[in-house]
C-alpha cells in the first residue's frame, strides 16, 4: 500500500500515523520530495482499511499495491485448481461443455434435452429452477420441482447437474445438485457466499453486470474464506452503452482471470449476447481465448421456451458448436 | 408493443401469430411497406413475453411502447404519493433530511449523533447494522444489536429510523425500524422485494449500480405488486468509466423519476461520490433538481468511523448543508 | 510516481533502472518487503513515459501519484482564473448565462433570439454554424454565413458570441467570434487544440463523451502549453448504459474540476439530457453545485428548429430559468 | 419509423402531421388503442428528422425501425465487399495480418520490422507517423518523414502500407500510403470522413471509444456517401468501468458487423487491451469470432518503443500468433 501525503503534513500527525501502522505489523518507508511525500507500507496490508487512512487530515490519497484477495490469488497458489465433478474435471486439460435449457419446464423436457446435449458431448447438464425475472408478471420457474426433475435427468444420463440458487433458504433443495450457481445479481450477496463457503459443493460464480475483475475475485474470496475452495469463475457480459447485445461480452476476462487466479474460468455467451446467432462465434472466441469450459443454453424448440427464448440454440446448432470448439481447443491448448 | 417483421414473412406463420395475439386480448393492426412490415399491438401487453415473440422465425425485432410498470407509473396514478413516517412526510411539500452514521458502532455513538442531526434539522435517523463489505476481512456491522441501538436512539429523540436489510431471514429484527432500506446490491433480489411487499412498512429502494430507470421502477413494481405501495426511490450513483468519484451521481434521475412515477424520490450523495468534500455541492444540486429528501452520512469523528470513513461528514458541515438546502428548496418549490 | 517491482527483481536491471531515472533528475527511494518491492520517484515526473517503465521485465506496474497536468492544476495556481469577454467575466463572482439556438438558421432568427435572451439576462450569445450530425443526410449548418450572422447579432445587442469550430481550416472565419468552442467530439483533436493555443481568444472546451476529468484537463493543458491560458471547461454529459437521457449529466464534474483546477467551469444541460423538460432542473442543479456559468439552447419555436429540436427551450422557459438560477447562486455563493 | 402519440392527441395537429409526412412520400398507418396510439411510417424514412417529430406537442416518442445507414447496410448489399490492396484481399477468403510498430521511429527500424513481419506472414505493414498522445509533453511521431520511411519499407518488401491520418491538411502526405487509417478519436470527424470519401484509397475506420455499432456504420456511411465504398471497419475496444485493461475489447462487434454490413471487419487487440500478454489470446478469439483480419503492433524491442511500449509484442511472439490464428481460421472458415 502506498500513502500519498498532502504538502507539508503536520509532523505530529505523521509520526502518530507511522506509529499506528507499525503496531499493525506494517513496516513504513518514507520518500520525501519537494512537492510530494510518499509512505510505502510493507507487509500484510490486506487487513488495513484504506478508507480510514484516506480520511486522515494529512493524507491526500491511498493506493493499494497488492491485490486484496489471497486464497483466489495465483501469486500464492501458482498451480491451476482442478475441480472434479462426476466424470469431468474443470480447470485441467479438459474442455467442459455445460448445456441445457434456460428453465426446466417439465420432467420430460429436461430428460429429453439431457440426452441430446450428452450425445453432442456436453459434460454437465444445466437447467434453471429458480428464475429471477425483471417483471413480477413473468414465469418464475418451477422451483423445488424443477430441481428434482433436473437431478433425475442427471442421474438418468450420468451427467452432473448445475442450477442457480437465489436465497440461503433454498439451500436444502440443492442436496442432489452437483454444482451450485450464483447468478450475476447475487455476486455481491455476501451472506449467501459465506453460506456456500461452508458447503462442500463446487460453486459457479457469475460476474456481476458492473463488477470488476477484482470484485469478482473478492466474491470468490468470500466463499473460499469459509473453507470451500471449489469456486468456478464465469464471464457472462457486462453492462455498457452498447445495447444491440443484451450485455457486452468481455472476452478479456478469460485470459486476465487465468493470470490473476488459479481458479477455473468458464464463459456463458448465451446470457452475454442474448441472441442465438451470436452464441456460436462467441463460444468459439471464448475457447480460443483460453476458457476451461462453456455454458450454453440449448432448447429443443427455442421459439417456445418459457424464458430467454431469444438466446437459446437448437440441438443441431449445439452439436456443431461442440465440434468447432473442440478443434479450436486443440489448436490453443495442444494436449 | 410493435413487432417488426422480416421481409416477405411466411403468410401462414403471420396469420398464426396474429391469431395467437388475439387470443391474448391484444388487437393487431398491420402496416405493410415494401421493405418493412410492422404489427402494432393495442391493449394490455404487459403480460406478453417480448423474448418469445422476438424468437419467432418471421420476426426481426420487438419494441415495447408502453412502460412495463403499472402501479409505479404516473400515467395511471397522476397524484404524488405522500408517505408519512412519524412526524415527517416524504413526497409532499416537505424536504426531508435522513442523516446518521454509516454504521451503528455503539449505543452511545448512535444516540449522540441522533441528537446532533436532530438539532440540525434531520427528520429521520439512519444507521447501518448489517453492512455489506467487499472484503470478507472487513468490519461487517453490529447486526441485531445495532438495530436495537438504532431503535432506542430513535425513540429517545423522537426520530423515525431507517436501516438496511440484507436477507429475508433478518426481517424479524426490523420490528422497531420505521423504514426498511434495500441497498443497491439487492435491487434485483426479487424474493426479498416480494417479501417486503407483504409488509406494511415503507421501503426505501436504492438504484443498483448498473440499473436503468425502468429497472428501478420494475423493482418498485415487485414490492407494490404484493400490496405495499409505500416505496421511496433513491439515487446513489451508477458505475461508469470515471473513477475519481466512487460512482457517478446521476442527477437526472431525480426529475426523470418524478415524471415517470408518483413515488417520492430521495438522493444519497454520500455513497454516490465517496468523498466528503463533494457531499455538500451534490446535496444542494439534488434539492435544486427536485429531490423530496436527502440521505446523508454524518459521523461525529469521520476519520475514525468503522466504515466508509472517506464519505461521512462532520456535524458542523451537516448543519450548514441543512441550511443551504432549505433555502434552495424554497426557491425551486415555493410553498 | 511509484514503480511496483516483480518479486525477486534482477539486481542488475534494477540498478540500471535506478541509474537511468537519476539521469532524468528523478530521485529514487526504495521500499523493500518480502512480497513486494516499491520504488518511490521524487521530483518532476511529468516527462517520464509510464508505458516505457511499465514494459520493463522487472516491473509489475507503475502508478502516477502527481497529476500529469501542470498549467491547469490548482496546486500550482491556487487562485481562480477569471476570463473577461465583453462585459462579462467567467470564473469570478458573476454567474454567466450563455444562450441561443442550437443552429443559426438565418440573420433574422439569430438577431431576434439574441434580443430575447439578452432581455432575460443572458451575458453571451451562442449559435452553431458548423454542425456535426451523425447522418450525412442531415442539415449541417450555415457555415461561414452563420458565423457572420451570429457576429452581427452580437454586435447589434452588445453580447459577446460563441460558436463551435470543427477544423483548423475554419479558424479564419472566427475573427469576429469572441469565444471559440471545441465540441465533445474534438476534445482529443490535439492538433486543433495546439492551434487554438496560439490564439488569444478564450476557448470553451467540452468534455468528451468518454473522457475522464484528467483527460479533459490534459486537453486544456494542450491549449495552455502553447501560451493561451484562457480555457473554459464545460460538462455536457457522458455516455453510460442509461439511454432514457441522451447522455448522463455528470454533476460531480463541477465541484471536482473547481477543486482540481483554477479554470472556469460551465455546464451545458441541453446537450446532456437531450430533453427540454430536464433543462431547467439540471440548470438549477448545476448552479447549486457551483458552476460559473450555463450554456442553454433557446429557440423561438423549438418544434421547428433545424437541429436538436427536442432539447431547446422556449424564451419564456429561459426567462424563468434565469431567475431561478440567480436566486440559487445567491444561496450557494453569497457575494 | 414508429411515432407513439400522447393520449388524446389534438385531431387537427394529428392530421397536419400525417399530411406533412405524406408530402415527404411516407405512407402512414394508424393503430388506435385506448391507452396508446401509434403511427407506422412506411417508405424511405432515412431523410426524416426524428428529433423534429419527437418535439411536436402530440408526440410522446419516436422510434426508428429501419437502420439509418444504407450504403453500408447488408440488407441492400447482401454480398461481402472484398477490397484488394497490393497482393492481399480484405473481406474475402483470406485472413489478413496487418503488423508493424506503434510508431515509425527511423528508416532502419521500419525496414527491419517490415522484413520480420513479412517473414511471419503479415500481408500489410503498419506504422504510426502522426501520433495523438494524451500529453502535450510526449513524443508525437515523425510526421511526413515517418510516412516516407513507411512507404519505402513497403516498397522494399512488397507489402502495402497503412498509417493514421489526423487532419485533412495531412492528406497530401499520404500519396504513397495504400490504406488510410482513421483513429478512434476521429471516428466522428465528419469533415475528414467526407474528404476521404472523395479519395479512391481504402479507409480503415476504427470504432470510437464510446461509439455504438450504428454510429460506426453511420461514419462509414459518411465516407461511402461521397463515392468511396472501400471502407474497412475495425474494433479496438470501448471504454467501460473495467480499468485493468486499457479498454474493453468488444468481441461481439465482429459477428454483429458482419451481419449488419457487407464491409470487411478487422480487429485490433493491441490497442484494446494495452497489455502484450493479452494480445495473443484476443487475436485468437477475434479470428474464431470471424474477423477478416487483425492489426497487431510488433516491435523489435518492445521495452524501448517510443510509444505504446506495454502493448507491442516481439517478432517471435508475432510469428507464433500468426500460426495459431491461421489454424483457427481453417476451423471456423474452411476454404
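When the chains are written out, they are named A, B, C and D in that same order, and each has its own residue count from 1.
In this text, contacts are C-beta pairs under 8 Å (C-beta built on N, C-alpha and C of every residue); 3 or more make two chains touch, one makes a residue touch a chain.
A quick note: this is a predicted structure, and the numbers were derived from the prediction, not measured.
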item	value
Co-neighbours of chain D and chain C - touch as defined	A, B
Chain pair with the higher count of C-beta pairs in contact (B-D, A-B)	A-B
Relative to chain A, chain with the most remote C-alpha centre	C
Centroid spacing, where centroids are CA-atom means, of chain B and chain C in whole angstrom	31
Between chain A and chain B, centroid-to-centroid distance (C-alpha), Å	27
Distance between the centres, which are taken as Cα means, of chain D and chain B, whole angstrom	39
Residue list for chain B, restricted to those that touch at least two other chains	210, 238-241, 243
Complex contacts: residues of chain D adjacent to chain B	2, 4, 7, 27, 29-36, 38, 40, 42-43, 63, 65-66, 75, 239-241, 243
Residues of chain D defined as touching chain C within the complex	46-47, 49, 51-52, 54-57, 68, 132-139, 166-169, 185-186, 188-191, 194, 208-210, 215, 218, 221-222, 225, 238-239, 276, 302-305, 307-310
Interface residues, chain C side, partner chain B - complex	210, 212-214, 238, 240-245, 248-252, 254-256, 259, 272-273, 277-278, 281-282, 284-290, 324, 327-328, 331-332
